[in-house]
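Labels for the chains are A, B and C, by order of writing; each one numbers its residues from 1.
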Amino acid sequence: MEKSLATLDEGTICSSWNYCGQRLATGSRDGTLAIFDPSNPGSSSSSSSFSRTSKNKVSETSIIKVVWIPPECGDAVACISSDGILSLWEETAEDGQPPQWKLCKRFESRSSNILDAQFAISGSNLKMAAAFSDGHVKIFELFDSLELMNWQLQAELQNVIDSVSKFGNASCVSASISWSQQRGEGQHLSFAVGFNSNVPALNSSKVWEFDPAHQRWLPVAELALAEDEGDHVYGVAWAPNIGRPYEIISVATHKGISIWHLGSAPDLDGRLSVEKAALLNGLEGEVWQMEWDISGMTLATAGGDGTIRLWQSNLNGVWHQQAAFEPTP
Amino acid sequence: MPGRVSDPGETSIVPVSPKPLEPVNVPIRHGLTPPISRVAISWSNGNSLRVSFFRQPSSTSNTEEVGGKVVEVKLSDGDGEIDDAKWRRIAYGSATPFALLQNRKNLSQLPMASSQHHRFEWWEHVMEFSRGINSLLGDPLASVDSIIEDPRMVVEKVEKPTNLKAAWELMEIFYADKRSQAWLPERLVDWLTVIDYDILLSGSCETVHSKLLDFQTDLDNIQVVEDSPKYWEVISSALAVGWLEIVVKLLHLHGSYQLDQLGNRETENGLVEAIAVLISKMPRLRPEMLAGKLGECCQTKPDFAKAWERWRAQLTKLDCSAYWVQCDHRQTREGLRHMLQIMLGNANSLNDATCHWIELYVSHLLYIRPFTAGLESMNSLAQKCIDMKPISSPHKLMGLLTGILSESTEVVLGECSRAFGPWMVCHAIELLSAGSNQAEVLLHEEPYNLGGISIEVLQRLAYAQVLSSHELTWQIAPIYLASCMKQGMGLLEILLYKQPVQHKQLLLKNIEICRLYELDSISSNIMKVAGVHHWKHGRKGPGVFWLQQACDEVRLNRISQHLFDFVGKSISDESFKQWDRLIELLGSETRIAGGLEFLHKYRDFKRSLQHVIDAKTPDAARQAVESLILLMKNPSTPQRFWLPLLHDSLKLLNWEERPLLNVSQTTLLLNKLQELSMARLRPDFVESDLPPQALSAVRLALAMNLGRAILEE
Amino acid sequence: MTVTEPVKIYKLPQSKYIDNVRWLPPLSAFDCLYALAVFDSDTNTPSLEIHSITKPNPQKPELHSTWLSPSRISSLRVSNSLIAAATYGGSLHFLVPDSAEGLVESGRENELHTGGIASVDLMEGECVSVGEDGRVNVVRVRDGLELTGVFDSHGLAAYSAVKWASPTEFVTGGYGFGLQWWDQRKPGGPVFKFKANWVHGANSGIVHSVDIHPSRKHTCLAGGSAGTIFAWDLRWPQQHIFLSGVGMNESTTHSPCESEVWEIQYDVYMQSSNIKASSAWILPVMSCSEDGILAVVEQGEEPIELLAEPCAINGFDIDKQNPSDVICSLEWESVAILTRP
C-alpha cells in the first residue's frame, strides 16, 4: 500500500511539502537545503516520484525546521537552524535563465533564538509569527507583496494571559505555533502558541487574536486545565474548519494529546469559551508532529515511538485511534 | 437508537477507509537500514499521507549512504477485487447519475412542486439512479443454467461477478425498488439464482454451486448417471435452491430418456417426466416470470394460494401413487421421492440438500413458507437458518443481508463501509434514505459533537476525499461536495486552493470549477498564485496576465513601480525595448491596471523629454511640459514619483529662453511639493533614492520659474 | 444545415489519461490508424500509442505500437507520415510509424523550451514550436535536424498555439486573446499583431488553438477562453470576426459553450450554407470545450452539437482522408469516435 516517492540525502533531518504537495524541501545536519520536484515534468501526478533539483548551503549549523511560505508570495521556504537563525530562501528566474534559490532575508536576534515560525495571509499581506527562546512571540509583516526582503515588526508579545506579568529570564527549549486557517471575510486573524520552557506560565497554549480596531494582539483563550497549566507543550495544531460552529485545536504535552473545542462568541472579557473534548491515550514518548487532514476530522500524529497514528471522533464525539502505522525496514 | 450509532472500532462509520476501522497496526516499509532517527508526516491531496523517514547517520562508514525515504500511504486502497482503473471508471460513471438525482431532489423540494405527486414518483427516480449505478458495476451476468445447447453442459463457468455488484443489488431490492416490496422472498430467490451470487460464496465454503461445478467435471466420466448417487444429490440440491431449469435439464440426462431404453423403462421414464412437469408448474407469487424461467406465475395472493394448494395436492397424489412400486431402478425411485419431499417442504430434506445458510433460507422461502411477508418474519426465519447452518468465517455479503433483514440502518451502513468502502456508503445512502423513514432521520441528523454534520454529509465528504487523492478523479469531487452546501463548499475551497497552478490546462480547469460553483474569491486567489509564480519565474507576460485576471491591484501597482524604477533609470538602454513591450502587454485599459496608466503617461513623458534633449526645440519642450502637468494632476500618479518627476524636469523648469510653465502651472507644482513635505512626516513615507539636494534644486527652479512667469504675464 | 441520419458515436475506454489524439494516414488500404498520447497514472508513464481500427465497427481497436515518452506529451501533430510530439519537459520528438518496427524515433531536440512546449505544428518537414517561455523555434527535419531560433521574448510574451500558413509564414496565439503573424523572411518579431479589443482586464482570456484554411491563408481562426471563437483576416488586421463566445453581443450570436474552447479546426466535411461565399466568409468550424461539447459553428448559424459529454472534451481531430470521421479525447480516460452520415 505504500509507494516510495523520494530518496533523501545522508544527514537529512527535516522535510516539508509545499501547498499542493508538488515540491518537497528538506533540511540537513550540515545546513543544506534541498528541493525535490517531480521527476516527470508535466505530470501533475501527486504520486509520481521526486528527485532533487537544487541544493544550497543555507546555514553553518544544522537545520531544524523548514516551512514553506504561502504560494501567494511565491516559492519560498523559511529555514530555522539550530543556532536560532531563520533564513528565507526564494526560487526566482530572470529572463529565460533557469530558476535559482536565493537568500532573501535573515532573521536573527543577539539575545535569543528563533524556535518556530509560521506564516499566514491576511488580505494581501503576509504575516509571520515567530517564537523566540526568551518566551517572546514576534509578528512580522511583509512590506512589499512581490519581494520577500522587507519585513516590519508589527507586534511583540509574551505568551501569558495576564499582560501585567513579565518574565525576564525565560529559557525555552522549543515552541509551536499554529495559525487558524480562516478563509472567510470578516474573520479575525488568530493563532495558537505553546512553549516548552522553564517558566510554567509561558508554557500552556494560548490563542491570540488580532484586534483590528486597536491594532493589537489579544490573548483570547488558554488551552489548559488548571492542573495542567505548567505542562511543557510539544506542539499545537489548529484544525481546518469547513463548517463546524466551533474551532478544534490539538495540543500535545507529556500527558498526551488533548483536543480542544474553541467557541466563537467572546464573553464580556473578550475571552472565548474552551472545552477539552478529549485526551488521546496510547501514545508513547514525545509527540513530534500533529497534522490535521483537509476536512479537519482526522488527526495524524508522529511521535517518539516512531509510530504514525490516525485519530478520529465517532458520531458521539468520542475520540479514538483509528490506525497505527509502524515503520518497518 | 439514534445517537448511539455503534461502538467505536466495531462498525464505526466515521470517515476513513474501510481498512483501519479498528485501531489496527499496519506496517509501512521504508527500505532503510535502521535506526530511524525521526519521521515527519504530511497530508497530501485527499486522504493520502506522506511520511518522511530520516535515518540516523552511521559514524563508522565513509561511503555515501541513503539518508532517508519518503513514502506515500493511500488510506483508501481498494480490497483488490476491483483494480484502480476499474474503480476510476466506476467513479466517473456514478458522478452523473448522482448529480441528476441531487438535482431532482432539489427540484422536488421547491415549494411549487406538489409533494404528493413527487412522493409518488420519487422511488422511480431512485430506481433510475440505482440502475445507472448498477450498470457500471459489471455486465448483466448469465444465469446459472446453461444457454449453450450442449445437453450435457449443465452449468457454465461464468466470469466471477463482483461482491460490489451483488451488494448493490441487495440494497436495490430492499430499499429502492418499491415494486419488490410485495414479493421480497422471490426477489431474494432471484438474487441467488438469476444473478448467480452463489458463486461468490463458494470461495469460503461449499455451496450448491460448487457441488454443481464438481459434478459437471465428473459428468464426462459417468456412463449411467442415474446410478450415481452424486447425480441425485446434485439434483436435490439444485431443486432446493430453486434452480428449476437446471433440475429439469439434469433430469433429462436420465437414462430412461434414451431411445433404446424407452421401451423397457416406460414407467420409470413416466415418473421422471411427471416430476419434471410438476417442477415446471411450480406456482410462484410474483408479478412476472423472467424469460426462460420455469414455474407458473401468480400475481395475487388468492390466486397463488389456490394454485399452491392444487400443486401441493398433485405432489401428494404423486407421492402416494402406485407407480413407485413398478419402478425397478432403486436410485431413481429414491431420488425422485426425495425430490418430492423437498417440494413438499420436508425440513430435513431441505437441510440435507443445502450447504450454506442462505441456501437453506431460500429453500424455506420456496417450499415451506412461500407466504412469508414483511422483514420481521423474514428476519426471524433467517436467524433460524443461521442457527441451523452456522459458518465460521462470515462473508461480507451475508453481513450486509442480515443487517438489512434486521432493519438496522447502523449495521447496514457499517457493513457497507467496512466491506465496500466510501464509494459504496456514499451512493447506497441514497437507496437507504429512500427506503425507510427511520434511516432518513438517522442519516440527516446533525449531532453537535461532530460539528453539526450529518451522516449523509460525512460520507459524501469522505468519498470526496478519496476522489481528491487521485489526480484524475479529483475533478469529480466538487459534484459530491456541492451536494452538501455547508461543509462541502468549505472543503471544496480548501481543495481548490491546494491544486497546483503551474500547468495552464489544469489551472483553467480549476478556474472553471470555481466559475461553476461561484467561488469567485478562490478563483482570484488561484489566479493570484499563478500570476506570482509566473512573474517570479521569468515569465512576466503570463504573470501580469493572471494578476490582471485576479484584479490584484496591490501587486500590479508594485509591478508598475518596478517598471517605473527601471524606466526612470535607463531611458536609452537597449533593454528598455523589453520593458516597453511589457508596458504594451499590460495594455492601456486602466480598469485593472491601476498604476499602469501612470506608467504609460510616464513613458510618453520620458520620450518627449528625450526628444527635448535631442532636438532642443521650444515646441518639443512645451509638449513635454504638457505631459508633466498631466502626470502631476493625475491622481493615479504615485506620490513617491512626484519628486523624481520634477527632478527629471529640471531642464524644463530652467529653460533658458523663456519660462515654459505659466503661473497656475507653477503654483500647482509648488503645492505638490508642499504636500510632499507634509507626507514626509508620516511613518510610511518612502524616500526616493535621489541625491539629497534634489528637493532644494527643484524648489529653487520652481521659485525662479514662478518669478519669471509673473513677470511675463 | 440539417443532419438527417444520426451521428454514430463509439466510446473506447482507455484506463489512461489522453493528452492528445490525432488520426494517422493509413499504412495499408484496410486499416485506419490513430495516435494517442496517453499518460498511465497507475505506473506514472507517458507514452505514444498507435491504434488501428477497422472502419465499419471501430469498437475493437488493436494496439499497433507504443513509444515511451520521457515526459507527458503536450502537443501532437502529424504531417504525411511524420509525427511530431512535444512534451511538457520541453523536448520535441520526431517519429515515423513503421509497419514492421512500430514507432521509430527519427530525431529529437531535448531542450527547446524551458518549462514545456505549448504547441507545435508540422508542415513539409518543418516544425514550429512555441511555449509559455516566449520562445518561437523552427526545426527543419531533413537528413538531420536543423534548429532555427526565430524569436525569444524572454517571458514577456507567452504563446500557447501555433499553425503554419505557408512554408515561410505561421500564426501564433497567446494570452489576452492575442494573435501574431510571423514571416521567417522577416526575423526579429511578428509581422502583424492582433490584440483583442473587446476584452478588458479581468475578462481577458487565452487562445488555445489556431487554424488556417489551406485555401484562405489570410484568415486565421482562433479558439480560447469563455467559449470564444473568432477569425482574424490579415487584410483588415485591426478587426476580428466573432463566431462564438460569452464576451460578444448576445443577441447576434449563439455560443455552444461558455468555458474553455480547447481545440478548433476548419470542418471540411460541413458544406457552408453560403454557397457563393465571398473570401471574407468564414467556413464552418468544429470546436471542443471544457464543458463537454463538440460542435460545428458557422457564421450567423445555430451551432450544431455533435456530442455532449458530462466531462471535458480536451481535443479532437478530423480525419483528413475521411472528413466524416472525428476522434476526440475525453477527460474521463476515454476516446470517442464519431462517424457522420
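The definition used in the following text is that a residue touches a chain if its C-beta (ideal position, glycine included) is under 8 Å from a C-beta of that chain, and two chains touch if they have at least 3 such contacts.
Computed from a prediction, not measured in an experiment: that's the story for all the values here.
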Exercise. Is the number of contacting C-beta pairs greater for B-C or for A-B?
Worked result: A-B
Problem set entry | Chain occupying the most central position, where position means C-alpha average | B
For this session: Could you tell me the distance, in whole angstrom, between the mean C-alpha positions of subunit A and subunit C?
Result: 46
Seminar exercise, completed: Between subunit A and subunit B, the Cα-mean centres are separated in Å by 31
Problem set entry | Multi-partner residues of subunit A (each touching 2 or more other chains) | 42, 45, 47, 95-96
Exercise. Mind pulling the subunit C residues that touch 2 or more other chains?
Worked result: 41, 88, 133-134, 154-155
Seminar exercise, completed: Among subunit B residues, those touching two or more other chains are 470-471, 503, 537-538
For this session: Can you check the complex and tell me which residues of subunit C touch subunit A?
Result: 39, 41, 44, 46, 71-72, 74, 87-90, 114, 116, 133-135, 152, 154-155
Problem set entry | Of all residues in subunit B, those that touch subunit A in their complex | 3-6, 8-9, 12-16, 19-21, 23-34, 36-55, 57, 64-75, 77, 447-453, 455, 461, 465, 469-471, 486-488, 490-491, 493-495, 497-503, 506, 521, 525, 528-529, 532-533, 535-538, 552, 554-555, 558-559, 562
Seminar exercise, completed: In the complex, the residues of subunit A that touch subunit C are 40-43, 45, 47-49, 95-96, 98
Exercise. Which part of subunit B faces subunit C closely enough to touch in the complex?
Worked result: 84-85, 88-89, 92, 95-96, 99, 470-472, 475, 503-505, 508-509, 512, 515, 534, 537-542, 545, 548-551, 578, 581-582, 585, 587, 589, 591-593
Seminar exercise, completed: subunit B partner, complex, touching residues on subunit A are 1-17, 19-22, 24, 26, 28-29, 42, 44-47, 50, 71-75, 90-97, 99, 124, 144-146, 181, 183, 185, 240-246, 282, 288-289, 291-295, 297-298, 300-302, 306, 308, 310, 312-318, 320-329
